[in-house]
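Below is one structure, written out as structure tokens, with a few remarks after it.
Order as written gives the chain letters A, B and C; numbering starts at 1 within each chain.
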Amino acid sequence: MKWSTTEGAGVQPKSKHLFLALFCSMLAVFCVAVMAGCGGQAAEPAATEETQTEEPAVTELKTIEDGKLIVQSDLAYAPMEYVPEGKTSEDAEGFEVDLVNAIAEKLGLTVEWQQVQFDTIIPAVKQGGTVDMGASSFTITDERLEEIDFSDSYMDSNQGIVMTKAAAAEIPGFDASQDVAGTERLDAVKSVLDVAGVKVAVQSGTTGEAWSQENLTNAETVPLADAIQCLTGLQSGLYNAVIADYPVMAYYCQESYADLEVVAAIPTGEQYGLVISKDNPALTEAVNKALAELQEDGTLTELENKWFGSAS
Amino acid sequence: MKAKNTERMRVTRLLALVAVFIVALGAVCLAAPTRAEALEVKSTTARPNEDGGDRVIGGLPTRLTWEGTVGEDEELTSISLTMPEGGTFEGSSTRVTVLDGLNRQNVDSVATPAGTALQVVFDEPIPAGSLVRLEVTGVAFPNADGDYTIEGTYENQLGEQALPSSPAISVIQNTPVQGLVNWLDQQPWVEAWNSNPFLNMFFKPQILVSSFASLFPGWLVCLAIVLVAYPFAILLGLCFAFMKMSKFVVVRAIAVTYINILRGTPLFLQIYIAFFGLPMLGIQINVYILGCAVMAINSSAYLAEIFRAGIQSIPVGQYEAAASLGMGHMRTMVSIILPQTIRRVLPTVTSDFITSYKDTSLLSSVGVMELMMYAKNMTAITGNITPYMTAAIFYLIVTLPLIKLITLVEGRIARSESGQGPRPKGGTVSAEDVELDYAQDALAQAAHAEALPDPELSRPVFVPLAREGA
Amino acid sequence: MPKRSRHHDPTFDVPPALPADEAAKLAFGHDKDLSTHAFKPGEHPIVRIEHLNKTFDDNQVLKDVNLNVWREEIVVVLGPSGSGKSTMLRCINMLETPTAGHILIEDDEITGTTKANLNDHRKRIGMVFQNFNLFPHLSAKENVMVGQTKVLKRSKAEAEAEAVKQLSAVGLADRMDYMPSQLSGGQQQRVAIARAVAMHPDVILFDEPTSALDPELVRGVLDVMRDLALNSGMTMIVVTHEMGFARDVADRVVFMEGGVVVEEGTPEAVFDHPQNERTAAFIGNIQD
């Protein structure tokens, strides 16, 4: 896994530029750069420089409640964000929780965590008025960028396919000693999953769902509310496999679901970003700046070691 | 000499030719495996763009995901993809991901869409073995049924190479619903409507139209579940109602336990236990059948109480009149009490039916593809609340007429029942009796009390069910 | 002697029911001066009540009541509220289970019989209730038919013909398809009478049939009952407060008070020359 705040291999085609420019001209001229940058679309150094040079022009940072950053998350995605047993959402923990808290500290805000369904977060942020930020391991995609803005990416990720150990042992050509990221494993797993009658549980609205729909066209993709439901259903035999973010699945298989295992990683190289309304470019800008600082002062690496171990 | 020279030259030439041939052959032989190691197309998929459905519709924007691995001796510098005739890359944006194993590599690139072609040029050559993914958002396939492949070329250090054909992508022709959505897209009033953030978020016309079509199967599933489940719920409910009124303590205890546990726990929990618990016990049941079963069992507990209260609300005079005609217990129940009970409980049962129908939405949490599930998925995809509004409309289509029906039936009962005597009392009178305590019964009872000053009527009320076994 | 009901209370130690012939003889001797009924030689009473006791909680409502009713006899039971007359009536078809004592219908003891037998007996005993107790979900005609078809297993056509006949007899030929809720109290009570008569019972019990009616509706019901008494040959036991009806129609008047039969005799004897002062007081009060 690789951590970054500014890279992205995105390419901004000309027509998209035009569209964005048109849209952003309604807000402010400087937004063009901000949008391009925070959208994870443009990693061109030029754009980043532009962002930096125009930074002083940014309007005052405003949140819904002064001094507060209201953040929505499903808080059911360890070790990214979760509520420890017996606690409430106020005591949420996880990599992303620490990260958002650190960002908020830099911005002089206190965070209020709200636990909601994953698929309602982007509509809520887009709608505005109730929530400042969505932090629920969102992968930056162009579709989502049409609705909301993303901060710069703070983490790269991949997808993982989870099955029961018993089912995995019966996959023809499956060799647990092979590299989990190897194409042999993925191909072997795909061959048993892309079959009519197979049920693949995913979290609704995720990249895992999209991958399953596109790549396992013969199987039935069953979208559920959260990852725990997917894994519990898999464990109890309702589903044949679960597809979700690799680091999270690896964590759950190790910590909570001893009879499940990540049978293959799907190299998607996706990037996580924080969800912020298009109407609040000042917040996006401030968050990106804070992220860059956290990257520079080593906090990000520290958190990475804390939650994923130095090995990753 | 000359001839000899000539002869020698000839031999030399021949040898040279043979050598060249051999070398060429060798080169070809050597080259062949190199070819096999060239850029390999791993997968090519298109995101379903049928709103709420799982098919790819031609002529409408979708996302093309193309994946390839760079061959072993190659350094990739650019890729050109070609869409089949009729499709277009125009207006698309491309996200490029380069991976070494699971590690993301930083490669900058420029993508230029032009008609059916898309060229992606990398700033630096991509090393051998890397996985390259192009996610092209906003492409459109030809608007005709068919299986389409993406062709193209790529450039490595040796120059331009042909790209292997991609796996075929199944595309269907645009549906009338999508056609209507596209038409709405172009209407000025729709644009004006959508410029209001609330209307756009909750009542976006395009999504309203497309979600109506795509939520329809979910609505049918809801209806089917509740329509299949409810007759069983009624039978079970009646059975437990009679059990609860039984004179045998054990039978009563079983009924009371059943009813109280089911009424005392959330349906959500019961669904979880059934869907996650049973498979763990090795019992595998089709989710739709299991869904019906859970709904039926849950409703039966409520219906049992409704029926029991309904049966006990029938005035004792009805039992006496039936008994005086020589009717036995079963005959009295079937011919006299139950027909009246049905009329009395119809409004309450209809309310319960409405609740059950709405509660099928809870089955979405365990992956039963019902109305809310479709709505949730569509909301997740579109980031818009409108599908939930559509779901609300689908619920109302059924519930509003039923609510109207309840009002009508209640009015009819109020008008038709008067002058009925007191009700028989069971062993216990619980809160449910209050549910069924229609005003007209209270009136009738008052009238009855007034008409009967005879104090001997203050005796314990006749209990036909408990007594006749004497 | 058949097994008594488990409700039997050992504090009421009543002797077993008398043998039929002995009982008939005794009853004949007892009743022949108290009733205008035309006794036939060797006749047995159709209803025999022997040593009937009934207790509700600690309240003894009936205390050793003995009464015989003869075929085609019209017996009117009078008494103040709480005298136990309705309870006695309800004991006759076991709507109340006697605490002790015997009820015999045509010399068949029905106290302590099984449920199935009880229903067989009940078909032979019609009952008209104070509150009519029509079945509200059935039309007037269906109310009269339901017992015939479901209990007597008559064919639908047969039952319908009988219903039409009896409803016409009570003057409701034009109301046969009305629902009870569409009928007045008097009309409902007439339907109830037709329902009882259509079963062709041996005896019909009337439990204060006019008490729940508005005064202007009483007359219609009494006319029907009078007609039934005078023209049908039906045996009737009538609990009522209607003195005029008792005087005109009854073969015998029974006066009850405090759970015992205080006085019985022909209407003339009881109304004009009451032997007991409580009877006299009651009749005086009512007639004032």
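Just so we're on the same page, a residue touches a chain if its C-beta (ideal position, glycine included) is under 8 Å from a C-beta of that chain, and two chains touch if they have at least 3 such contacts.
As the structure is a prediction and not an experimental result, all values here were calculated from the model.
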| item | value |
| --- | --- |
| Chain occupying the most central position, where position means C-alpha average | B |
| Most widely separated chain from chain C, with each centre as the mean of CA atoms | A |
| Between chain B and chain C, centroid-to-centroid distance (C-alpha), Å | 66 |
| Rounded Å distance between chain A and chain B, as computed from the means of their C-alpha atoms | 24 |
| Chain A-chain C separation of Cα centroids, rounded to whole Å | 86 |
| Shared interface positions of chain A, touching two or more other chains | none |
| Touching residues on chain B, where the partner in the complex is chain A | 42-43, 45-48, 54, 63, 65, 69, 90-99, 101-113, 120, 131, 133, 135, 137-138, 170, 197, 201, 275-277, 279-280, 284, 287, 365-367, 369, 373, 376-377, 379-381, 383-385 |
| Touch list for chain A against partner chain B, complex | 1-2, 4, 7, 9-16, 41, 43-44, 118-120, 122-123, 126-128, 141-144, 147-148, 156, 158, 179, 181, 183, 199, 201, 204-205, 209-210, 213-215, 217, 221-225, 229, 232-233, 235-239, 246, 265, 267-271 |
| Contact footprint of chain B on chain C as seen in their complex | 5-7, 56-57, 59, 61, 81-82, 84, 86-87, 93, 95-97, 115-116, 118-127, 129-137, 146-147, 150-151, 179, 181, 185, 188, 192, 195-196, 199, 205, 211-212 |
| Contact footprint of chain C on chain B as seen in their complex | 315, 317-318, 320-329, 331, 335-336, 339-340, 343, 415-421, 448, 451-457, 459-460, 462, 467-470 |
